[in-house]
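Chains: A, B, C and D, in written order; residue numbering restarts at 1 for each.
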Amino acid sequence: MGAGPRTTAPASVRMAVNLGGLEMKNPVTVASGTFAAGREYGDFVDVASLGAVTTKGVSLNGWEGNATPRIAETPSGMLNSIGLQNPGVAHLKAHDLPWLAERGATTIVNVSGHSFDEYVQVIEALEDAPVDAYEVNISCPNVDAGGMTIGCQTGSVEAVVSRCRAATKRPLIVKLTPNVTDVTEIARAAVSAGADALSLINTLLGMAVDAERRRPVLARGVGGLSGPAVKPVALRMVWEVHKAVDVPLLGMGGISCATDAVEFMLAGATAVAVGTANFVNPHATVEIIDGMAQYCERHGVEDVQELIGALEW
Amino acid sequence: MALVNERARILANGEVGPNLYLMELAAPRIAASIEPGQFVHMKVPNMEAHILRRPFSVYARDAAAGTLEILYQAVGFGTDHMTRIEPERAEHLSGAELIGPVGRAWQQPAGARRALLVGGGVGAAPLFMLCEQLVGAGVRTDVVLGAQTEAALACRARYEALLDAPPRCATDDGSFGREGFCTSLVEEALAEAAAAGEPYGYLAVCGPEPLMKIVAGMAAEAGVPCEASMEKRMACGVGACLSCVVDTADGKKRACVDGPVFDARKVVW
Amino acid sequence: MGAGPRTTAPASVRMAVNLGGLEMKNPVTVASGTFAAGREYGDFVDVASLGAVTTKGVSLNGWEGNATPRIAETPSGMLNSIGLQNPGVAHLKAHDLPWLAERGATTIVNVSGHSFDEYVQVIEALEDAPVDAYEVNISCPNVDAGGMTIGCQTGSVEAVVSRCRAATKRPLIVKLTPNVTDVTEIARAAVSAGADALSLINTLLGMAVDAERRRPVLARGVGGLSGPAVKPVALRMVWEVHKAVDVPLLGMGGISCATDAVEFMLAGATAVAVGTANFVNPHATVEIIDGMAQYCERHGVEDVQELIGALEW
Amino acid sequence: MALVNERARILANGEVGPNLYLMELAAPRIAASIEPGQFVHMKVPNMEAHILRRPFSVYARDAAAGTLEILYQAVGFGTDHMTRIEPERAEHLSGAELIGPVGRAWQQPAGARRALLVGGGVGAAPLFMLCEQLVGAGVRTDVVLGAQTEAALACRARYEALLDAPPRCATDDGSFGREGFCTSLVEEALAEAAAAGEPYGYLAVCGPEPLMKIVAGMAAEAGVPCEASMEKRMACGVGACLSCVVDTADGKKRACVDGPVFDARKVVW
């Protein structure tokens, strides 16, 4: 089967985790925006085999996104300035959520907005749809209104999270930006406003320059850095936040293999998301699930939850 | 057609023109199903820090032998690195990985009886399988090729072997065929065909964007249905990441799966 | 000469720059802490050929530094937690500054402290020594007192910079940390307190985990991320700060080749520092100077200063 | 001795024991000047994202031929990658780059007439040039080697060829020599020498840190001057970055230039 995945996970290891009320059959989901709603990876990954599918950020009426070039390759990473292009929540409900539900996928919807109201409206529109949890993105560096600016101040974080909290009883995951002085302060604000779990990190704000053309590579100038390059920053923030709050964490940032995923769990994550690595290896998620189970078996770990925050220190 | 991620052994890799290289890969599953205009998204072997795959159109395939050929130009780190890959003898080499066959193939109108293919630079390659298909279907096919020099017309010999009339060529330095840009040849071909009362029913163009824009304009003017193959920076190559969008009359479309071949009239150039 | 540098710089390009009063014969210095005081690289680099030598951070009485392991390799980068080990300012004056002066090097001394007073005392101790400029490090992530915490708040930045300013008439460069929400705010504070130039970025706070041993790789847990991985973040910050303040910038973070250096100048840097790249290629600085001159010649640039902030945008 | 950064062609590279490999490199300038115990700081070819160099002691050199040999164990990404490097025929391959000769060499006391060398695992390699030097200088030299298995005693044959008395060996599984740790052999050698009234004037040890600590303790007890070669993670390899410090009685010292060979009594184990 060519470069396909070898599914050799030991069945003896218990792989299920609970992410703030969200039951996941294993700790691995995808990072929002890197997997669409799963369909495009359908030839490579059975969406039901993942702990969850996290969909691309969705807004109320859809956004056009930014001009191209939207990506740039950087050392062990990439920049993107997609700009949250999406066809709006109605399209997601009509086309993608039923498809995911039919296949038995656990679904996390990543929610975006230009305003506090828009976040709430998106959640309200989804309350009757087959959604297992929301991930509120207060950390996208690629839109001018909303997004990251909200996620950088405790006041606005509390405001948006508490309004989202009031709009749903479903598990509410709040996604944090790494572009702050003290991520634990933001984390505490989100938790105090009602977040059931936190996900981190979103992308680091970065830039690439084309020296020959003397222009930024990205049409928008700056973009979000992801991939292996950011893993040390992500691990550090997961560790800091794990020590600072009591809710479970969804760790991400450069996870490319099972060892990376284990590192995030040891640092305090309850579950992990695979993002940029999907682009490199479309079987990445499946191979990571298998590899984590193998790691557990090799280390005599019967339940993957034993790894959470188990860093010796 | 289902996508696969196929480990592909590199069978041959050599220079075939100024900064132009031909790579032959063993990838039987993709070779069996790929259509003209589709591409492969390649994980170039032995690159660690340059993490993204590179998209390449397929120049030729041999379904029986299970092989593909790619004609490529060294323009940056990845393609430059590719030029130094030696064909693999040893089993322990990691090999390339190809996602494919990706994208929308050329879709010539059903009734077209004459076709004009216009290839600028390496753009000549993604048109070759289309040319074979058209010739095989009995469509009278003319080809215009442009390049900087005679040596850069790396696909010319294959087109000559395939076609009754040799391709019309233009080179920037006049070392072969017409001196200057190939657009004048396109204009003449369109005019001649119209004058002869045997107008083209289909035009396919691949090359630098400014060339494609001009040719698309000429086709529109002449009322000839035209398709163009668009190049955009790609991350996923399967339609998931939205990095590769092309502005079209129907909104932003993904070059990787809604293209790379687009109806040229729909593209907002 | 084996893997030695090819010195083929076109002599026609004017390479001198002025960094807030510091005359540099070309825009290339080394990043503090990666080149000691030059002696260790003496077999590879003629220190007088550099725009300047920036010495390892120095404190008043010397520091022991952190336990080992002090470094970890990460994708396209490395973490360090040296902890500002240094033998104190008297040793620097007695051993290193005379050595640099004898060789005709332009010298920037990187100044550290546990307290506002210590920074001032180090500068005072150096005022009679052959020093061409000070770089005040308010951004080291590897010491508990002083360092980065000072550099994250406008109030403490103003306090320490204005006191250093009062202690010297020499060019005062203030080195900023990237671990902040808004680097332009910190930059403005430093400039308003009297900085002649700003240097950025210091390292990003990161972490590496050894999954097999279930421990952090670094003895201290966290460390500072440097190398190519951080270049996109550094470029973005240089660009932001260039637009925000009027003083010249010393750009650094992942610079490994001449093209990288040109990118930083286009984004707004007046000069650049080469850090981690010295470890990879001991001739890096020399090759970068040559390569920048060649870039200028190829692009019809007669004076390297034409590149500063010349990004088309 | 001035440091150089020398591009080094890889002449041979092959397995010589369980997970043990021998690499031969052409590096005439370093080969001409390197002393026993010094090391080279190698930029492993074709690694992009793993940016740091790797330090390796030199096992043997041929100054006339301009070559070096390194005995290495695959323990991580870089050394694993090294095992897959094929000797270079083609000119266009980038090759390794070596900074060297780095560090403080073994410095046996001038008057020593008998020496004991103790090598654990790959630690046998950095002692071999020292052994040659001592034998050449007429010092009566005994060698103790420890490894997991007989096959892992990869340096044994060379020591046997060099020495009158074969090295005393211990293996964890008893497949060759004494079963168990080699420290018991060290203890016996020290005792025998003392009993015979011909005590060792010098002990040199290289291997895992726990082994070196125990042996250093035995040497101190027996009053024998002892040197140990320390392994620390290194960034610059030239003394500039302070990543590689060793705690000593004189404060923190850099393993790369103040070591790697240290007076074992000074090390704070």
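In this section, a contact is a pair of C-beta atoms (placed from the backbone, for glycine too) under 8 Å apart; a residue touches a chain by one contact, two chains touch by 3 or more.
In UniProt terms the chains read A, C = Dihydroorotate dehydrogenase; B, D = Dihydroorotate dehydrogenase electron transfer subunit.
Being a predicted model, the structure only gives us computed values, none of them experimental.
The chain pair B-C and the chain pair C-D differ in C-beta contact count, and the higher one is C-D.
We define each chain's centre as the mean of its Cα atoms; on that basis subunit A (Dihydroorotate dehydrogenase) and subunit D are separated by 47 Å.
Mean C-alpha positions place subunit C (Dihydroorotate dehydrogenase) and subunit D at a centre distance of 36 Å. Among the residues of subunit D, those in touch with two or more other chains are 48-50.
Looking at subunit A (Dihydroorotate dehydrogenase), residues 75-77, 227-228 sit in touch with two or more other chains. Chain-to-chain contact here is organised exhaustively, every possible pair of chains being in touch.
Taken in their complex, subunit B has these residues touching subunit C (Dihydroorotate dehydrogenase): 49.
The touching residues of subunit C (Dihydroorotate dehydrogenase), counted against subunit A (Dihydroorotate dehydrogenase) in their complex, run 74-77, 79, 152, 179-182, 204-209, 211, 213-216, 221-222, 225, 227-233, 235-236, 239, 254, 259, 262-263, 266-267, 295, 310-313. In the complex of the two chains, the subunit B residues touching subunit D come out as 46-50, 84, 86, 90, 92. Here subunit C (Dihydroorotate dehydrogenase) touches subunit D in the complex through residues 2-4, 33-36, 40-41, 43-44, 56, 64-65, 68-73, 75-78, 80, 82, 85, 227-228, 276, 278-283, going by the rule given at the top.
Note for the complex: subunit D touches subunit C (Dihydroorotate dehydrogenase) at residues 2-7, 29, 43, 48-53, 97, 99, 232-245, 251-252, 257.
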